[in-house]
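Notes to accompany the following structure.
Letters are used for the chains, namely A, B and C, taken in the order the chains are written, and counting of residues starts over at 1 for each.
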Amino acid sequence: MADNKKALHDAVIAYKVDGIKEAVDNARKAGMPAGEIIDAMGDGMTEVGILFERGKLFLPHVLSAAQGMKSAMEVLGPELKDSGDASTKRASVVMGTVEGDVHDIGKSICSTMLQCAGFDVHDLGRDVAKSAFINEIKGGCTMCGMSALMTTTMTVQRDVIEILKAEGMRDKVIVMVGGAPVTQAYADKIGADLYGETASETTSKAKAISK
Amino acid sequence: MAVSHFMASGMGGIRSAGDLVARMQFSKNMKNDKAKEYVAKKLGLSTIEIADEHIMRELREELKIGVVTGVPGAPRGIAAKMNIERLIDTKINSCEIFRGLTKR
Amino acid sequence: MTQFYTRMGDGKRVTLTKEQILNDIQAGMADAADMAGVPDLTANDIEMLFEIISNKNRIVGVEPGNEVIVSYDIGQLDFTGDNGNSGNGVDVGRMEAALLHERALGADTFELAHADYSIKPVKPVIACEMQAMEEIQNEIVIPYFYGAMPNAGLYYAPDGPYGNPADLMREFRIEEAMKAAELTAEHLAKDIEYVAPKLVAAGADGFNFDTTASAGDADFVGTLYGVEALRKACPETYIMLGMAGESVMGIHGSIEYRGEAVAGKYPHQQVKMAEKAGANVFGPVVNTNTSKSLAWNMARSVTFVKECVKAASIPCHVNMGMGVGGIPMWETAPIDAVTRCNKAMVEVAKVDGV
């Protein structure tokens, strides 16, 4: 089983769709449960995220690995449902760069990483109105990720948290904040649940907090 | 931020000979030490002296290459830059254009 | 045990022991060396970094004779801008800002900038920019550039004509995303070729390409080809190319400059590409990690930049602002941290300017 786990992990890092499919087939033939296969691939995706941030892999590689995972999920998803093991299903996350801010790339990469990690990502793009975040949360998102790249716009992250409090929804949603000027101290100050220095750190923390 | 950097390590522009060293870095791709040596040689000074405000203040006025304090009659702008061209043997774009515009 | 006042990457003041500082220096250095495949700092370098960090004075500076050039980017926006770009919110004119930098702030070079500070929006106002350049060149003595970010993000949807690669990739339209990035690089290079020579014709000493590759590898490639075109059109002009981060982000992944992929290149490799394109001065950038200490960030930045300076045939002016070059990510970056990073870059990494 350990060999299969390693093979799955390595196949994801090698980011070839066919290679990932083959590793999944082999693991299934060896009797590995769907949940464990998904976890092993998820660990590989975390590594892919780190390699991306360290300039060793690039976005098309990340997406190719994600595409391989997606193909595998088409087979593994029904098996998971049949077995009644839904533990690997992750939360719905609304993501966006806050209003007044058009910086998109970091947030988009973070959305991609979260998507690869199995989250149901609703990426609203950039310059997103506060009400749009709130509406998605009302619509069922249990996590909210807000990016801000300017000291003038990072205050909107606090505004959204205050709206959530005022509407009695704060306890129903995990709020994540990030972006160049945002720090752990600022996240603590405004009452966010999670701060990520990088996309992969955000994804790791999101996985941990949503378990 | 700007003042912190200037105080920590900056030549100080026209307070000393920073503008001249910068011109040699940009026009001839000279690294800092070579650019400073070049300018120092042209001014007849050492590389430490070209960053010394006490030495450079009067020398700049004497050479008519622009001074940091307001001195009526002291060349500034294009006039100062034309003197800099001759002093450090380099061409300055705005001076070239000025000459082109004033040709008869 | 003796405690030393120092900072975290978010600017917060902390106290650390000598052992903690040395451990952070080692760890920051190791991170950079591992990422970029560059050598560790020497034992002497590490000792110098510790002395700089543990110095009891509020500000530190280089020894006389070690002064370097301070080349300013972002133009007058450091006065007129809002806190989004550390501006003072003082609406001075561009002439006044230029002369104040020359005469009151010790600038060795300065630049004219558009409020949007990007190449693309300069196109419709190019005549205004040319006139401002002509006017200020009549008064200023120090080298005076035009500065703007290549900012390839403005060419992607919804701001520009090409699909947004990040969005397309999330839908697994990978080929389409890569094509959009390639078209953007070509468009950016053409815009540089249109804008930059006009400003040189108006008297600019040169052009400063600031925050290059902020939108990834296609941004860098477009800029490099734009620099080539500018160098061909204006052989004598000064060209400064400053980066956005220590690694070129691979949004496309395999887009090339003169036969070499640029994604994942580190400062010591980036500078060689800048040289090939025709830049005179290169501006390496290393981003600050807000969760790590000043010692970690400073050592990491110096490790990247020292190798860049060693590899470079042209001068290197390291970016030293809010959240880069080891300086904390804080709007009013603490002076003790700023001057320490400055001294480390000049006397350990041996940069030619900041």
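FYI, a residue touches a chain if its C-beta (ideal position, glycine included) is under 8 Å from a C-beta of that chain, and two chains touch if they have at least 3 such contacts.
What you are looking at is a predicted structure, and each value in this text was computed from that prediction instead of being measured.
Peer 1: Identify the chain whose mean C-alpha position lies nearest to the mean of all protein C-alpha atoms shown.
Peer 2: C
Peer 1: Need the most distant chain from chain A, centre defined as the mean of C-alpha atoms.
Peer 2: B
Peer 1: Quick one: report the Å distance separating chain A from chain C, using the average Cα coordinate of each chain.
Peer 2: 30
Peer 1: Which integer distance in Å separates the CA centroid of chain B from that of chain C?
Peer 2: So the centre of chain B lies 24 Å away from the centre of chain C.
Peer 1: Using the average of all C-alpha atoms in each chain as its centre, how far is it in Å between chain A and chain B?
Peer 2: About 54 Å, centre to centre.
Peer 1: Within their complex, state which residues of chain B touch chain C.
Peer 2: Contact set of chain B toward chain C: 1-16, 18-19, 21-23, 25-27, 29-32, 35, 47-48, 51-52, 65-66, 68-69, 76-78, 80-81, 84, 91-94, 97.
Peer 1: Within the complex, which stretch of chain C touches chain A?
Peer 2: Chain C reaches chain A through residues 9-10, 12, 35, 82-85, 153, 158-159, 164-167, 169-170, 172, 174, 177-178, 214-217, 247-254, 263-266, 289-291, 323, 329, 331.
Peer 1: Please output the residues of chain C touching chain B within their complex, sorted ascending.
Peer 2: 59-62, 64-72, 78, 86, 101-103, 105-109, 137-144, 200-206, 236-238, 240, 280-281, 313-315, 320-322, 333, 335, 338-339, 342-343, 346, 351-354
Peer 1: Inside the complex, what are the residues of chain A that reach chain C?
Peer 2: 52, 54-64, 66-67, 70, 102-105, 108-109, 111-112, 115, 121, 123, 125, 150-153, 180-181, 183-186, 197
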